[in-house]
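Before we start, here is the structure in question, set down as structure tokens.
Labels for the chains are A, B, C and D, by order of writing; each one numbers its residues from 1.
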Amino acid sequence: MSAKSIAVLTSGGDAPGMNAAIRAVVRSGISKGFSVLGVRRGYNGLLNGDVYEMNLRSVSDIIGRGGTILYTARSPEFNAPEGVKKAAEVCSRLNVVGVVVIGGDGSFRGARDLTNAGVPCIGIPGTIDNDIASSEYTIGFDTAMNTAVDMIDRIRDTAESHDRCSVVEVMGRHCGDLALQVGVATGAISILVPEMPWDFQTDIIDRIRLAQKTGKRHFIIMVAEGVGGTNEIANRIQKETGIETRATILGHVQRGGSPNLRDRVVASEMGYHAVTLLEEGQGNRVVVVRGGKVVDFDITEALNMKRTFNKALYDVALSISI
Amino acid sequence: MSAKSIAVLTSGGDAPGMNAAIRAVVRSGISKGFSVLGVRRGYNGLLNGDVYEMNLRSVSDIIGRGGTILYTARSPEFNAPEGVKKAAEVCSRLNVVGVVVIGGDGSFRGARDLTNAGVPCIGIPGTIDNDIASSEYTIGFDTAMNTAVDMIDRIRDTAESHDRCSVVEVMGRHCGDLALQVGVATGAISILVPEMPWDFQTDIIDRIRLAQKTGKRHFIIMVAEGVGGTNEIANRIQKETGIETRATILGHVQRGGSPNLRDRVVASEMGYHAVTLLEEGQGNRVVVVRGGKVVDFDITEALNMKRTFNKALYDVALSISI
Amino acid sequence: MSAKSIAVLTSGGDAPGMNAAIRAVVRSGISKGFSVLGVRRGYNGLLNGDVYEMNLRSVSDIIGRGGTILYTARSPEFNAPEGVKKAAEVCSRLNVVGVVVIGGDGSFRGARDLTNAGVPCIGIPGTIDNDIASSEYTIGFDTAMNTAVDMIDRIRDTAESHDRCSVVEVMGRHCGDLALQVGVATGAISILVPEMPWDFQTDIIDRIRLAQKTGKRHFIIMVAEGVGGTNEIANRIQKETGIETRATILGHVQRGGSPNLRDRVVASEMGYHAVTLLEEGQGNRVVVVRGGKVVDFDITEALNMKRTFNKALYDVALSISI
Amino acid sequence: MSAKSIAVLTSGGDAPGMNAAIRAVVRSGISKGFSVLGVRRGYNGLLNGDVYEMNLRSVSDIIGRGGTILYTARSPEFNAPEGVKKAAEVCSRLNVVGVVVIGGDGSFRGARDLTNAGVPCIGIPGTIDNDIASSEYTIGFDTAMNTAVDMIDRIRDTAESHDRCSVVEVMGRHCGDLALQVGVATGAISILVPEMPWDFQTDIIDRIRLAQKTGKRHFIIMVAEGVGGTNEIANRIQKETGIETRATILGHVQRGGSPNLRDRVVASEMGYHAVTLLEEGQGNRVVVVRGGKVVDFDITEALNMKRTFNKALYDVALSISI
């Protein structure tokens, strides 16, 4: 191992494109003179020294693979101050002068703590929910959205054949972006997200009735995970309208699959950018997309930002879905 | 309308490839000198006279579309003797000399009854479950299987990234074919189907332990809908093994989507064959695949056949999945 | 037909997402009180009066369909001044107070001319090449890129199995965006685009040799259509390196297919925005994406803009593809 | 290494599902008490001793991967008698008591020769062309067909949008199966295969004219590689009909991609069956599908069989494609 190493790990839920980010970190790290250590299973691997040196060929043919070749896990031990201290010691012992952490807000808090303990860390947003306030885009979002669209297009075939209403729940606990975009793309007549208030009569029943008057006989209602109550909503629609209604909860299927182009490209750019920051000796930064460009922010600042919901798109959705 | 008409309808659950069958019936019907009536919403449409004359272009560009352009519905009214009688009268009034019914066993019973009431009917097996004893293959099966494989490949990315066990339920109430084939194709280490007895300890836990000894850290357990208890199985696995375990029920997504090649081709052959039978004045026949060829059987005979489970493939699955 | 109509047409090469744009124009047009005329086969249809009134249901279930339900064609007649005049007269006769033109730069020049002849026109960029200088994004680009990625991932399987080099040509006569993005996403070790000079020895052979030293045995070389010479490049690589090399030209396959999420969503926003402009009485505007937002420019201004190539991404590509 | 080894290799062109067959050979080989050697790059690897012992985990997560993890290559050296003798000596030195060869007819001839030289060999048909006379099905065929269908569905979007004729060439030098099946599935109005005579006027022009009379405005002509002349056919159609016509040659894209269900399942059954034969001490057998079942034949016998073209399906295709 060379004198100067950087480490890379994935943390939190897996997202398509994480491998592309790992690949970019490894390749650009080596090209900038670092040795690069792959850390298995997130902060756990850092605590246990479960690392291995990666070379240019360690990341061959992974750009198109879903999941993460470094695995991921939660690490309760790391969340405690002694955990962070221990991780910093491991880094020191391994000559690790910087760590790239691919994950969500929770992972970034770990990165901030580890930076404070003396190991410069750079965060890369990898989560299918697009729920990182500081970034317009998170790795995995586009693949997850398109997976959801593909599945709902299938559900629509059946809904149309049977004159049914389909209530579909997609991922997004605090963030309705996935539901909104997928709702627009699949022609959902109602889109329920945590960011917007909604009323069963006005936002669902009245819109179904309105659509029926124009001759429409099958309907999609999009529900974000954070809104919930999908089965109840379906039952109530059937009861009040007489339209046969089915609920579908798209689960973990949304997480996997070969990353599509956008996730591969953004992940590649972010991975490269992260290494550039470490090369400059910077830490406690998170790499984000702003105004369509890859830039970086202070992690603490980034964690304090507030998300804004795309109300304009929501309004477009309402006006063209019937 | 010409003197001699044939009608075509889809009944029961929709299946990818139904449109390809409709297309073949319409095109070969017209080329054989019939006028062809499309009946909307299954036997209901026949009762209500909800039919329209189709021409060669009515079925343009539908071979690749999921669902059914003729819609489908249940028809409690038709199931009663008066319903059948009324349907026969409608057929008589419309000069319908034969009806092609695309659906499952329930639809075939209707076809048999309507034949007995004087209207020769031909059944075509269209159901994603492959649960028609008389036929080796039912339209929609291949597309549904491949949809399930695609989704489980995605789930596997996450299972692998997190060292998890995934319990996945696929369609098939009485027939484990879909679970068996998909289980083989996705490397499931256990496959639970209605046709085979199973024991939680032997068929699940012991196999997981065995696989763990070889270094395997993520697992797929395939469950047919007719076995059920998917959530309970998942909970019990997690409790007994300590492996993080998730249940996923693949729902209506399995029904839709553009039919793949096999469903388009088999449906085309079956539709053509059905019209040939009507041209010969035959009725009460079901078009099936036997020994890889499209042939036909008496409906009553076909309905009395018993399915045989592919035990040989099941054994192969067990011996190569660890 | 109501007193005030707007018309919508597609012109130039088809692109996935055009139907989503048509749908948004029709639905938002009607909701704003216009009647909406669909014009078949581009400016030709306008000249021949080949139009029909569309209602809310005319655009049902088209958001996920490739191609354009309004068809498209070249129109030499319209390109002459008398053609424009005649089209303006047809618009006047049909009470058309505005036209939405979905297409590329050529189509926008027509829209400018028709505006000058008294019919306010709004352009929407629909072309898979992303070659509209005024817009960061054109409808169809994302679907085309992902289709190309999917195909090159397949080619890579064979290249890897046989230790081969694959030279792949993708669309883009004047614009290397597609080649660049797809090259990054598929790990191409060389990307040849019209915007950047390249040298056979330095940019191809030297990079192959360098990659070989690290253990790499299969290679992808990406070529934009506008660079050309794909077969010659392949032959020369094989001759100089001894590596079995194959050329593949991805043709019209890149144009079709169900639009993916981004194309559906951007097309929906652009269609809505275009109608808003017509409602305000504006003409000679083109709807574009800038800084990630949907905005509009004067057509003449837009046509005079110069494209900038994403050199930063090109550099990232080079530094992480070996 | 244990006393008794079997070896597995892939030879000839790669095909999706080869990895599934390798996996089945390795897993069932080990479960039957053999050690299993993976041979790299076909018969070449056997000559050079380029082999490695595979364990149960060597084939983890490959069932869904395209190409072949054992690589493949042509081996002129092996085709000479001294080559076969040398390979037999290598086998003897490595205690190899049986070899499973996955490939086409050329690979089977090698397997026959090696059996004659004292090393029992079993052939498994792996080729996307379905051109093995003894087997109804070859591994890779279904994936290749569906890839072609997916691409032609895309081409059709453009053909329809522009009222064009598309002439599409698919793989199959001596065997028209792929063109026939894909032609049926994509609604091609003409299908040109090596097995059937055809006339430009009768089989192409007359059929286009006939279709035009019914209102059809876009056309697909399917051409098998073995027929060739695709560009000339396209030019001649445009010249004689005035319809804008484009030729597309689907190349290596057809070879790759994640194998679909059928290829994974058939490959698994065949791999298992091959090992069973070696366990019984049998050699010079080829594993095939007959009457929908996996059985085996003497290789020499199999190589002498003649293919029969599915004329019945060809006739169905003609009667329903207009």
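Assume a contact is a pair of C-beta atoms (placed from the backbone, for glycine too) under 8 Å apart; a residue touches a chain by one contact, two chains touch by 3 or more.
Note that this is a predicted model, so its numbers are computed, not measured.
K.L.:
Determine the set of chains touching chain B that also touch chain D.
P.N.:
Shared contacts of chain B and chain D: no chain.
K.L.:
Measuring centre to centre, with centres taken as mean CA positions, what chain is farthest from chain A?
P.N.:
Result for the farthest chain: D.
K.L.:
Averaging only over C-alpha atoms, locate the centres of chain B and chain C and give their separation in whole Å.
P.N.:
The answer is 39 Å.
K.L.:
How big is the gap, in whole Å, between where the Cα atoms of chain C centre and where those of chain D centre?
P.N.:
About 35 Å separates the centre of chain C from that of chain D.
K.L.:
Would you kindly tell me how far, in whole Å, the mean C-alpha position of chain C lies from that of chain A?
P.N.:
Their C-alpha centroids are separated by 28 Å.
K.L.:
Quick check: what residues of chain D touch more than one other chain, meaning two or more?
P.N.:
Residues 153, 156, 160.
K.L.:
Once the touch criterion is applied, which pairs of chains come out as touching?
P.N.:
Those chain pairs satisfying the definition are A-B, A-C, B-D, C-D.
K.L.:
For chain C, which residues count as touching chain D in their complex?
P.N.:
10, 13-14, 16, 41, 65-68, 71-73, 147, 151, 153-158, 160-163, 166, 246, 248, 250-257
K.L.:
Touching chain A in the complex: which residues of chain C?
P.N.:
Contact set of chain C toward chain A: 23-24, 27-28, 31, 55-57, 60-61, 63-64, 136, 142, 145-146, 149, 153, 156, 160, 181-182, 184-187, 214-216, 258, 260-262, 264-265, 268-269, 271-272, 291-292, 313, 316-317, 319-322.
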